[in-house]
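A quick write-up on the structure given underneath.
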Amino acid sequence: MTKSLKRIGILTGGGDCPGLNAVIRAVAKPAIANGIEVMGIEDGYLGLIEERLRRLRNNDVSGILTTGGTILGSCNKANPSAYSVQENGKWVVHDVRDRVIKSIADFELDTVFVIGGDGTMSGAADLIDRGVNVIGVPKTIDNDLWATDITFGHDTAVTTATEALDKVHTTASSHHRVMVVEVMGRYAGWLALRSGLASGADVILIPEIPFSIEKICDHCITRSKHGKRFTIIAAGEGATLSGGKQFVDHIDESSPDPIRLGGVAKFVADQVSQNTGLESRSMVLGHIQRGGTPTPYDRILATQFGYYAFELLKEGVMNHLVVMKDNKLGSVPIKDVANKVRTVPPDNASMLAARCVGTSFGD
Amino acid sequence: MTKSLKRIGILTGGGDCPGLNAVIRAVAKPAIANGIEVMGIEDGYLGLIEERLRRLRNNDVSGILTTGGTILGSCNKANPSAYSVQENGKWVVHDVRDRVIKSIADFELDTVFVIGGDGTMSGAADLIDRGVNVIGVPKTIDNDLWATDITFGHDTAVTTATEALDKVHTTASSHHRVMVVEVMGRYAGWLALRSGLASGADVILIPEIPFSIEKICDHCITRSKHGKRFTIIAAGEGATLSGGKQFVDHIDESSPDPIRLGGVAKFVADQVSQNTGLESRSMVLGHIQRGGTPTPYDRILATQFGYYAFELLKEGVMNHLVVMKDNKLGSVPIKDVANKVRTVPPDNASMLAARCVGTSFGD
Amino acid sequence: MTKSLKRIGILTGGGDCPGLNAVIRAVAKPAIANGIEVMGIEDGYLGLIEERLRRLRNNDVSGILTTGGTILGSCNKANPSAYSVQENGKWVVHDVRDRVIKSIADFELDTVFVIGGDGTMSGAADLIDRGVNVIGVPKTIDNDLWATDITFGHDTAVTTATEALDKVHTTASSHHRVMVVEVMGRYAGWLALRSGLASGADVILIPEIPFSIEKICDHCITRSKHGKRFTIIAAGEGATLSGGKQFVDHIDESSPDPIRLGGVAKFVADQVSQNTGLESRSMVLGHIQRGGTPTPYDRILATQFGYYAFELLKEGVMNHLVVMKDNKLGSVPIKDVANKVRTVPPDNASMLAARCVGTSFGD
Amino acid sequence: MTKSLKRIGILTGGGDCPGLNAVIRAVAKPAIANGIEVMGIEDGYLGLIEERLRRLRNNDVSGILTTGGTILGSCNKANPSAYSVQENGKWVVHDVRDRVIKSIADFELDTVFVIGGDGTMSGAADLIDRGVNVIGVPKTIDNDLWATDITFGHDTAVTTATEALDKVHTTASSHHRVMVVEVMGRYAGWLALRSGLASGADVILIPEIPFSIEKICDHCITRSKHGKRFTIIAAGEGATLSGGKQFVDHIDESSPDPIRLGGVAKFVADQVSQNTGLESRSMVLGHIQRGGTPTPYDRILATQFGYYAFELLKEGVMNHLVVMKDNKLGSVPIKDVANKVRTVPPDNASMLAARCVGTSFGD
C-alpha cells in the first residue's frame, strides 16, 4: 500500500439493495486496521454536495453485516452532473461537479469508494475525468450490470420474489385461478427468470422475449384441460408484447415526478380473463424486493466485493469496478461499464432449464 | 357418539386462508379412527351443486398440516341461495338450495363441517333452515368474525404483513421516505393494527378510526424535525378519511366483475407528498397475505378448532360454530354470527400499546 | 401519575429471551415522553451491584423492537441475596442486598422495572422487602410462569423448534428413521407440546406425563406396519420415564460449573433403536431456542406487557407483575408468583387436540 | 436422442439433501414429454437390490420442486459392492453387484440417473464397469465433491447454519459469552467457512487449517479487552488441533453402529472456559442442516443440474457427472471423481475476505 494513504470516503448511491452495509463494513474494517481514516459520505453524492461526511470507526461498522439498507443513506436525485432540486415548484437540474470535486479536496479524500448501479457509476466516471481516485462496487438487485455475472442483493430479491410466488401458489391452487405477479426488472429479466424458475412458475415473461397473449392463453387453457386448474405467471416489469408495446406501472425512482400506469401484470391478467374465461388476478410486488436482511449468499458476496475493493486500493488499481466473472473476483475500468445492460442471453442455463420443465415464455 | 353416525362431509368456502388443511386433518383423522366415512366436498358449496365429493382416507390428510391453501379447493361464487353463473356473457344469480340439499341427502352425509367466513356461514344458515346438521369452523385472515377472539390464518397474515413492513423499513430509512403499505382489512383493522404494532409503524390507519390527512402530515413533519427522516404508515384497506370518504383499490373477491380503483395507500402517499414535500411511496401487499405455510401458532389454533369441531359432533351439538373466547374453546349458534363484524374496540390493548410507544392513528 | 416521579430503572435478568428489547422500548418511550428519566441497568442485578447504569434516551430505544437479546445485557449469577463470584478458583456466594439497595438509593430510582423469570422475581421480592418499588414483567421462553397464560418469547421459541422439527421431518421420511428432537422445558412441557403439535410430531414427551419406552416402541412399530416408515419424537428436556428417572444433558445455566450428561433424546433414540431395530437418531436443539428476532406475535405481546407495566406505574400499583389471563392484561403481586411453576394441565386443549390427531404421549 | 431410448431409472443415494426432488423433477419432466418411461428406484441402490421401482408420471413429479428430502427415499447402507445387512445380530457386508445388474436388465432401464455423493458415485462406477449406462448428478451439502465448484443443497445448509449462528449471536451478546457452534463438514470446511462469514463469526475453524487453542483464547481475550464481550466461533466438525488431534462427536451416517464422542465444539468451549475464565457454551447443529425446503438458489441449481443431465442423455454422453465449473454447466467422467475431496484452497476468496474483516482461523 502506498504510504501516502490517509483518508478514504465511502458512498452508496441509487436504490436500496440488501448487502450495502456488508460492503461498507468489508471496506472500512481493514482500512481502519491499516490506520486509514474512513469517512462515511451521507446520502450518496448529496453528502459531497452538502458536505455531510462523518468519521466511521470500528464500532460504527460492527453488527451491520446482517442489516438491510445502508447506514450511510442514499439518494436518487443527486449525481455530480445532474442534481435535481425544486425551485419555485419546478424541478431544475444543476451541474455540481465543481462543488463535489471541491468537497473531495477539502476533506482530503485520497480515494472514494462508490457503491452503486449504472447511474452512480456514470457519476463516478465524471469524478474520474476530474482526476479523483475512484474504486467502484457494483450494486443492482436487477443483476443487469454489464461486466459482472452476479451482484449482491440479487439473491435476496430473488428469494423475496420466490417466497411471494410460493404464497400465491397456494391461493391459485385453492381457487383455480391464473395469478400474474409482477416483479422488478425494467431492462433485463434475471429477477423474473430466476424467481419464476425457483417457484415453478408456469409462464415467465421477460424483456428479452416479447410475448404473445395468444400463446399465454393457449398455455393456460392447455393446463386447464390437463386437469391443472391454476397457472402462475411471473412477469418482469419490462416485459413487452410482441410488436413492442411496453407497460409502465412502476414508480420511476429517478424521476422527480413519478408516474403510475397500468403495468404488464394487470394487462396480462385482464387479457387472460377476457380471452379464456379463467378467473385471473394480478399483483405488483413492489418495494419489498429491495428491502430486508440480505441472504447468507448476498452477505458473503458483498463481503467479498468489499474485500476485493480494498485489495484494489492496496494494489493501487484505481478507477476500476469490482466484478465477479466465471466465479472469480476481478475488476474492469469503470468507464467500460457505462450505459451497458447485461440482458439474459438466449442460451442462458436457467432459461433452457425452465423450458425443459415445461415453462412457457409466451413466445 | 351417536351410533347412527356413518358419513360426514367437509367443505372449505370463501377466500384462501393458511390453516384450512390443518382443520380438515384434525376433523378427518379422529373421524376415520372412529369408523366414520369422511367425504371431501370439492370447491366449497360448488362441490355440492355439481356433486363432486371424494372419499378422504388417512393418507389423504397426512402431511397436510404445514401446507397453505386447501386440498379441497374453494369457491367465492357459489352459495346455496346465491350461485353466480355466466349466461350469454352476463352473470346471473340462482337459488340452488334444493340441489344442495338433495346432494347432501344423496350422499347420505349425517353432518356437514363448514369451514368458512361470514358468507360461507350465511350459506350454512340456509342449510340449517332445511334441516341439515352443520358444524361450523370460523375462517378469516381479517379476524373480524363476531363471537371469537381469534381465527386461524390471522397470525400468518400478520406475519406476512410484518415481514413486508420490516423490509420496507430499510428502504425508507435509506432513502428518507414516507412509505405507505396497504394491508387487507375492509371492515376491521386487526391486520393493520397488529402488523403495524409488530413492525413499529409510525402511523396506523384502520377503518375504526377515521383519519385526518393534516394529522398524518403533521406527524411526518414532526418526525422529520426530530431527525427521523422516514415514516412508515400501515394502512388497512378499509380505512376512511374523517368525513367518510372510502378508498377502493381492492380486488372485490366476491364480485364476478372485479373493479380496481386507487386505494387508501396511494391516496395517503400522494397527499403527504403534495402537502409536505417529503418523498412518498405506496404499495399494496395483496394476495400474498392469504397464502403460504401457516405459522406454528396458526397450525396449533387450526388443529384445536378442528379437534373441538369433532368434539361437538361427538356431543351431538349441532349448528354451532367453534370459537375461542377468553383463551377457551367453546361454541355459539351459527345463526347468531350472521352479518356481525368484530371491529377493534376503543380500549383494545394493541391500540393503547401502540399509542403508548408513539404511534399515530391520524385522529 | 404522581408528581414525584423523576427517575426509573429497568433491568433484564436471567436467560436470553426474544422480546426483551420490545418491553424495554415500551416502558422507556412513554416514560421519556412523560418527562421521566430512564436509567438502563446493565447486566441484570449485576449492574446494581457494580453501579453500572446508563441513561436511556429515545434514540437508544428506537429500532430495537425487532431485535433479539437485550440491549441492557443480562446475567445468571447475580441475585441480590445470592451473588456468585470466583475466589481463589472456587465459587463463593455472597449476600449483596445492602449494596443493591444502596445503588438504587444513590441513583434515586423511584421504581425499578424488573423483567425476568422465576429467579429474577425472587430477587425482586428481596428488594420489595427492603422497601423498593418494583414493577415486574414476566419472561420465560418455557412459558411456565405461574399466574400468566402466556409470556413473550415463547411463540418465537415454539417457531424455532417447529422449524427444526419440520426440517428433521424431510430427513426422517427420506431415510425411514426415528428422529428424536430434544427441546427446552425442564419443568413444564409447553414448548415440546406446542412445537410437537405444530409440526405434527408422532410422539410428544413432556415432564407432566411420565413415558414408557414400550409404548413409544409400540407406536413406532405400529406406524411402520401401516406403511409410515418414519416417526418424529419431540421430547421436552424434563420428560421422565415412568418410575421417575430423569435425564440431564442440559447446560445448567444457573450453575457456575455446568454439567452435561446424556439427555432424554439420546436415551429414547438408543432404546428405540435397540428394541425395534429401526434406525434412530437424536439431536438437541439447544441455545437457538432462546435467540433470534421475535415473531410478530411476541413483539406485540412484549409491547403490550411493557405498556401495561407503565400503566401500573401511572396508577401507582407497585410490586405487581404484569400478566395475561384469559386474553386480558392484568397484574398480580410479585410475591404470589415465587416458586410456582405452571405445568400443562391434563385437560389442556393442545394436548387433547394432539391426541385427537393420533399423537402418542408415551403413556 | 437415440431412437432406442424407452425407459430410464432414477435413484437418490446417501444422506438427505435439499434439492433432490428438484433434480428428479427436472429429469423426469422432459423425459416424459419425450415419450420415455421413467422408473423411480426406491431407497437408493436398495430399490435395485429388492426390485422396488415404480413408474413416475407427470403428476408424481409435479409440486415437488419446493419440498425437502427425496420422494424416492434413500439409503446409506446399500452400495452394489457393499450391502450391509444384520445377520444374527451382526452386520455383514455383501457384494450384490450381480443382483443390481440383473434388476437393471430385468426392468430394461436404458440409463440409470444416479444422484448422490462420493459413496453413491463409487457404486455408480461399479455399474459402469458392468456396462450399465449411468448419468451422475453430484449431491453433497458439504460441497466437497471434486470437479464441481458448487452443489445444490449447500446454500440451504449454509442458510440454516447462518440462521442458527445469527440466533446464537443475540444470546452471546446478552450474556457476554463465548459460543461455539459445530456445523457439518468432516473433510472440508466450506459450510463452516461460508456460514461463519455470512454470520460474522469471530473465529472460524475448518479442517484445512489446524487450530491452536492459545490463538483462539488470545482472540477471545483481545475482543474482551476491546469491549466486545462476546465471541462467536463457527467450528466445522472435522476441524483439528494443530498437532493433528481430531474430534468426533458426529453420528457416523455410514456406519451400522454409530458412535458419539465429545466433538470439537465441546472441546473448544471447555478449553476457552478453563483458560480464559470467560463463560463458554457449545452446541451441535446436527441433522437440521440436511433438511428443509431448498433455498431459491438451490432450487435453481438443482433444476439446472437435472436439465443438463437430461441433455447428456439426449447427446448420448454416458457415464459422466454433471458439474458447474467457473459458472458454466459441464460434465466429467464419473470415474475421475472417485475418492477425491475438494477442500478449501489457501487463496479462497471467502477465506481471504473473512481474514480481512478480522476473523481468526485459530492459526
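The chains carry the letters A, B, C and D, assigned in the order they are written, with residues numbered from 1 in each.
In this text, contacts are C-beta pairs under 8 Å (C-beta built on N, C-alpha and C of every residue); 3 or more make two chains touch, one makes a residue touch a chain.
Everything quoted here is computed from the prediction, not taken from an experiment.
**Student:** Which chains contact both chain A and chain B?
**Tutor:** Intersection of chain A and chain B contact lists gives nothing.
**Student:** Greatest Cα-centroid separation from chain A: which chain?
**Tutor:** Farthest from chain A by mean C-alpha position: C.
**Student:** In whole angstrom, what separates the CA-based centres of chain B and chain D?
**Tutor:** Roughly 41 Å, centre to centre.
**Student:** Between chain A and chain D, what's the gap in Å when you average each chain's C-alpha atoms?
**Tutor:** 31
**Student:** Distance-wise, how many Å sit between the C-alpha centres of chain C and chain D, to the nearest whole number?
**Tutor:** Each chain reduced to its C-alpha mean, chain C and chain D end up 34 Å apart.
**Student:** Identify all positions of chain A at which a residue touches two or more other chains, and write them in rising order.
**Tutor:** In chain A, the residues touching two or more other chains are 166.
**Student:** Under the stated touch criterion, can you name all the chain pairs that qualify?
**Tutor:** Applying the touch rule to all chain pairs gives A-B, A-D, B-C, C-D.
**Student:** Hey, which residues of chain B end up touching chain A in the complex?
**Tutor:** Result: residues 12, 15-16, 18, 20, 43, 67-70, 73-76, 86, 160, 163-164, 166-171, 173-176, 179, 229, 251, 258, 260, 266, 277, 281, 283-284, 286-288, 290-292 of chain B touch chain A.
**Student:** For chain B, which residues count as touching chain C in their complex?
**Tutor:** 25-26, 29-30, 33, 62-63, 65-66, 149, 155, 158-159, 162, 166, 194-195, 197-200, 228, 295-297, 299-300, 303-304, 306-308, 310, 325-329, 349-350, 352-354, 356-358
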